[in-house]
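Down below are the structures I want you to see.
Shared between the two complexes below is subunit A, which pairs with subunit B and subunit C, respectively.
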Partner chain A sequence: MQRRTGLTAIALIGSLTLAACSGGGTPSADGPVELTMWSWATLQKVADIWNADHPDIKVTVQEQGGGDELVTKVITAAKAGDGPDLVQAEYQMIPTLVSNDVLADITEFAGGAKDKFTENVWKQVTLDSAVYAIPQDTAPLAFYYREDLFTQLGLEVPTTWTEFADVARQIKQKDPNRALTTFSSNDAGLFAGLTQQAGATWWSASGDTWKVAIDVEASRKVATFWGDLVAEGVIDNQPMYTPAWNKALNDGMQIAWVSAVWAPGVLVTSAPDTKGKWRMAPLPQWSAGSNTTGSWGGSTTGITAKAAKNGRAKAAAEFATWLNTDPKAVAALVKEAGVYPAATAAQTSGALTTPEFFPNQPDFYRQAAELAKGTAAASWGPNVNVAYGTFKDAFGKAATEKSPFPAALKAVQDATVADMKKNGFKIEG
Partner chain B sequence: MSALLVGPRVKPSVSARRTSWLPTFLLLLGAVYCLIPVLWVVMAATKSRSELFSTFTFLPGNGLWTNLSELTAYRDGVYWLWMLNSGLYAGVGALLSAAVSALSGYALAKYSFPGRGVIFTVILAGVLMPPIALAVPQYLLLAKVDLAGSYWSVLLPSILSPYGIYLARVYAAAAVPDEVLEAARVDGARDLRLFTSIAFPMMRPGLVTVFLFQFVAIWNNFLLPYVMLADDETFPVTVGLYSLLQQGASKPALYTLVITGALLSIIPLIALFLGLQRYWRVDLLTGAVKS
Partner chain C sequence: MASTWTDRRLAPYGFLAPAIVLFGLFFALPIGYALHLSLHSVQVKGLGLGRNAREEVWVGLDNFITALSDPELLAGAGRVLRYGAMLVPAMLGLALLFALLLDLPRTRFRAFSRLAIFLPYAVPGIIASLLWGFLYLPSVSPGYFLLRAVGWSGPDLLQGDWLFLALTNIAVWGGTGFNMIVIYTSLRAIPPELYESARLDGCTETQIALRIKIPLIMPSLVLTFFFSTIATLQVFAEPMTLRPLTNSLSSTWSPYMKVYRDAFIQGGMHSAAATAVVIAVVTLVLSFGFLKVVNRRTAERTP
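Let's turn to the complex of A and B:
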């Protein structure tokens, strides 16, 4: 009896298919090139459009969760010679992936796509004049505010950071329970975007030498500005994306949010009762009349070194270019994955319809396209995770203790430089 | 588990029956501490998207059915495929693991052969090694033999459980008396028959424990399948739910689906525990030898 159950169990596993690792397939005359793509967005339906039109190149999307874990996973897979042909990667992760030999140089296949994007976006997929990915979506920063509460409290929408600080003080005077917004030490990406607006470029490379410029005048200006507001007590110092933060947004205890163009998608879940009450305005400026913004997020489609090794880089680059620039593809991308496309033509093409959560702002995306034009340059380094991790600790402490932020900024710079030196990168200065 | 196996040692007396308030209070506190998160999941799963963060935490909402049907509809029911995968990984993995543990535990406990001490020490060292630290090396090894990404890549590392072997050895040493084995040998039983007919039934409560521990460990495992598997149709439920949570900032987060999915995914574990509990008590052969 016992033996029989044992045998059944063995037979059961024997019948399991040995689904071999991610799609093999080499270009040959007798079958299509098979490409696999790792992504955190729901892209299979978009790939299906491509597959219907291109019988010679078949793309399968394998949905993975995003975030730092995906980066780790792709790097591990690449070390084992495994992994996908295409991978979705955030802009700031490209240098990390390149220095780990995950991404392939696709300059010869993708150079033609350059004109479809703004120069500053294209720079972010270029490292030392080699192209490593095709931009997918961008996330220019904007100022979101509760239109109804601004009217009720008699507030003007700030156009400069000085006005922003004034509005924050006015709110505290009129209703001490409310705050304009919060400074969140959990979101280094937002702070990085704000320093881009002020003109900072945290990393830059020439040849094989890196320059780390996190603790520079432009970043210090941003850090001091927010640190002073926190110390003064006119804005909150609690992190974003917590249940308490959701509640504060939903109940109108925080009445504005500096966020990116994807904010409507977050507000739907965070502040469900406030539909139609929010409005997007340009990010406050450092000097009146200018139109500059930073970005917070956005991603690209990278082609892996594995694809290049197996002679599939050309096919993969073709697909990546189609996915992110072809009008039909971008329209599907907007519909299925809800992204804000990086391709400039797509930003005004009508593929983007008014966000459901902002019925009061029918020209939301036309305004967003205006903002996007002013997106400042950004450039990333091979250890963004270290910088962001240190940011969380150092700024978290400073925000809680309401101590000056520039010291925290210096800590981020020092930790980033030390880590790069330890890993054998040449550092200028 | 041990509480069920070990009977009361002290005869109940008047003093022992008096309620001791401090331990009772501490245990209650511990129970509340453990159960509150469970209660949170149960309550949150009943809330609709608009209720999730805005209503009182421990009040039920009225979105359970919407959540369930949305979860089932998501990508044509991929959630249920993930549940099936989890069942497969955990069920087959735990079964094989229990079988391997039974054989090796029994051999280590009842046979003396050169190297026994060394093998047992190595296994003991394995108990101390956290499985998480092994996931990446295991991936690199399996990728070398082209198994990464297959069902085997999750099953194979789960089969050998040092803790299971250790437990089976300790249990075999205690529950299978040498006298019974000798008696069977005298009656002409060979080694295989000794194991299948004598030792295995006696070890069953211990093996059920090994099976349960391993089932829960595989069911809840995240890192190993996350590293190993690429195709989202081979994901277990842990990795699947994670991919739902991390879909980038541009889409509304699918919290309601993830919470409902998490609630459903603990139901099989609870059912398994309740179903197998009785085996822990069935220890019929303990009285086979007079001591």
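Let's turn to the complex of A and C:
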């Protein structure tokens, strides 16, 4: 009697555990295919347009934390055999996700979408001639500045990095409390974009061998440039995305920001009182007259290995292609998520309306399209997370101590190579 | 009867079963898994892309050797020790002082003060760190605003050595109340006759506190010291929350932060597991060592 109670208790606990584990559910043969998508943007409204037209494939978007957090989460979930069918991923994270067996090869379902995008963009979703994601948005870098304060202080908008440094010095002379901008160590993406402009390609692969080229001449040029400005004290060295940074932008203590096309969406919340006072200009150049820029982020829609395993990859790829190329979908994407679409047709379509925060620059997206033409190619490796993580620590330290930045750059290269070697990757050199 | 006898023998196991199952599932199994991870590593084939490109291989103690030879882990431990050396005496000293003050016969607003000192403990560490983080940033802090009004700029509390003070302050603010309650409770358990006879002998309140109260509440002081030390070794939430606000807090500032970085930012679950095991062993050795020393001293005193 007592023994049976004990066994019942064990059985009960066992069944509870099992129930907790099998929460996922499998699609029934006759119902619609149910797809879940993890994204940091508010995409449910866009998915609803799809759901209305496609009764056989129903997409539910689950909003998640920011880009890096989402990567961690989806890798962990995939290891447990869990996770979504579709995931929003930044370009630089695709090799990491593929290497962790999170993303599925969707060449057979999505290869047709290739001509909807520029070659440089498509290359970033293709690894070893297999397609792993559909590009969503691109994020070319630009120079944002406070138009009113530039006029007030009598400053010229810099077109080269030399002029940029001069402007930084002039501001310090005219008003020591203000700074042109800050060098922030808490997002390596910006720095990576700046080195792309200078001609660096941090990772490349040939055959079965990787090459890591973070600490190269082009990157050192960028590192030295910013390190010198920090050491000279003409720009700030505190991280961005802090309450102090928001206040500096809002109060005009920092009057420029090197950022990507998505900057208006950040400025709305960071510097709410400055609506209509900002303007976007092309990124300063290393040689006068050229038009080159790098990228900071930009995202894709990936289809997970879990979706492929459950036979839902085709449906997922169909949705991902629609989401990022269909005119109606892209227009909704621009409206809901404020992205600059990667699909070339959409970049010149009427979907792009002036950002509300930039009423003074009605041709914002026409100018963006112009500078996007000079976007340098980028290619990424399987441990961008390690490189970016090391960047934060190494450059944070260098920025605080005002010590030479190239040493920090070397630390990033060394940590990245060491991590790849430890994991058994073949590395050139 | 035979069946009854069997039932009786098995009954205890029936009662134990739920606890054993839960212990196994949520305690022993995760620890076992962490040990398994710490002895393995991932090796990739070719470019490391696509399906089955990674496989788990046995590496023996390699992960432990890497963890122990990483200077960052030792440096992190050093930072935490320095932080603990500031935090534990300050927090327990204040807790003891407040408890003794509350225990004085003529203290007013006793209930209110007790609650007011205890209240910060109810604020989660992350929220407390966010609140203090705002107060530490010179450009948004009202404290700095007042300092500037009197013409002094004040130090940047999130840089360099000040950072230790900033972190200690958060933990003292949050932890003093709890420790005070523990100490105060054991103060209330001291029989009042002792005080009476001490007063008859001409003791002042200070002498009562130093000669009677503190020696008698030694066990609870030891207990709070023990808990505070373990909590210090595991410091994570506060530096993690302040980290985005400053360049001075690296992602490996404390050993636990390093484990988090290795596992969830760099995707090195295996090396992180090894580091976690090392930290757990060190914590265990320190805790038991401390308890043993304390027990031996107590045993020596009571013949």
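FYI, the second predicted complex is superposed on the first by the 400 of 429 C-alpha atoms of A that agree within 3 Å, B and C clash if a C-alpha of one lies under 4 Å from a C-alpha of the other, contacts with A are read in each partner's own complex, and residues count from 1 in each chain.
Methods note: contacts are C-beta pairs under 8 Å (C-beta built on N, C-alpha and C of every residue); 3 or more make two chains touch, one makes a residue touch a chain.
This is a predicted model, so every value here is computed, not measured.
In the superposed model, A:T42 lies in contact with subunit B only, and not with subunit C. Contacts of A:D137 after superposition on the shared chain: subunit B is touched, whereas subunit C is not.
Judged by the touch definition given at the top, the superposed model places A:D82 against subunit B, while subunit C stays out of reach.
Contacts of A:S185 after superposition: subunit C is touched, whereas subunit B is not reached.
Using the contact criterion defined above for the overlaid structures, shared-chain residue A:K247 touches subunit B and also reaches subunit C. Contacts of A:G424 after superposition on the shared chain: subunit C is touched, whereas subunit B is not. Contacts of A:D393 after superposition: subunit C is touched, whereas subunit B is not reached. When the two complexes are superposed on chain A, the residues of subunit A that touch both subunit B and subunit C are 2-3, 6, 9, 13, 17, 76, 79, 243, 247. Contact residues of subunit B toward subunit A in the complex are 49-50, 52-54, 75, 88, 92, 95-96, 99, 136, 139-140, 143-144, 146-152, 155, 196, 200, 226-227, 230-232, 234, 239, 242-253, 255. Those residues of subunit C that touch subunit A in the complex are listed here as 7, 10-11, 13-15, 17-18, 21-22, 25, 41-54, 133-134, 137-140, 159, 244-248, 250-252, 261, 264-269.
Within the complex formed with subunit C, the subunit A residues making contact are 1-3, 5-7, 9-10, 13-14, 17, 68, 72, 75-76, 79, 95-96, 98-101, 105, 127-128, 130, 185-186, 205, 208-210, 237-239, 241-244, 247-248, 253, 305, 382-383, 385-386, 389, 392-393, 396-397, 399-400, 419, 422-426.
Within the complex, the subunit A residues that touch subunit B are 2-3, 6, 9, 12-13, 16-22, 36, 38, 40-42, 62-67, 69-70, 73, 76-77, 79-84, 137, 139, 243, 246-247, 250, 260, 262, 265-266, 268-270, 272-273, 297, 299, 337-340.
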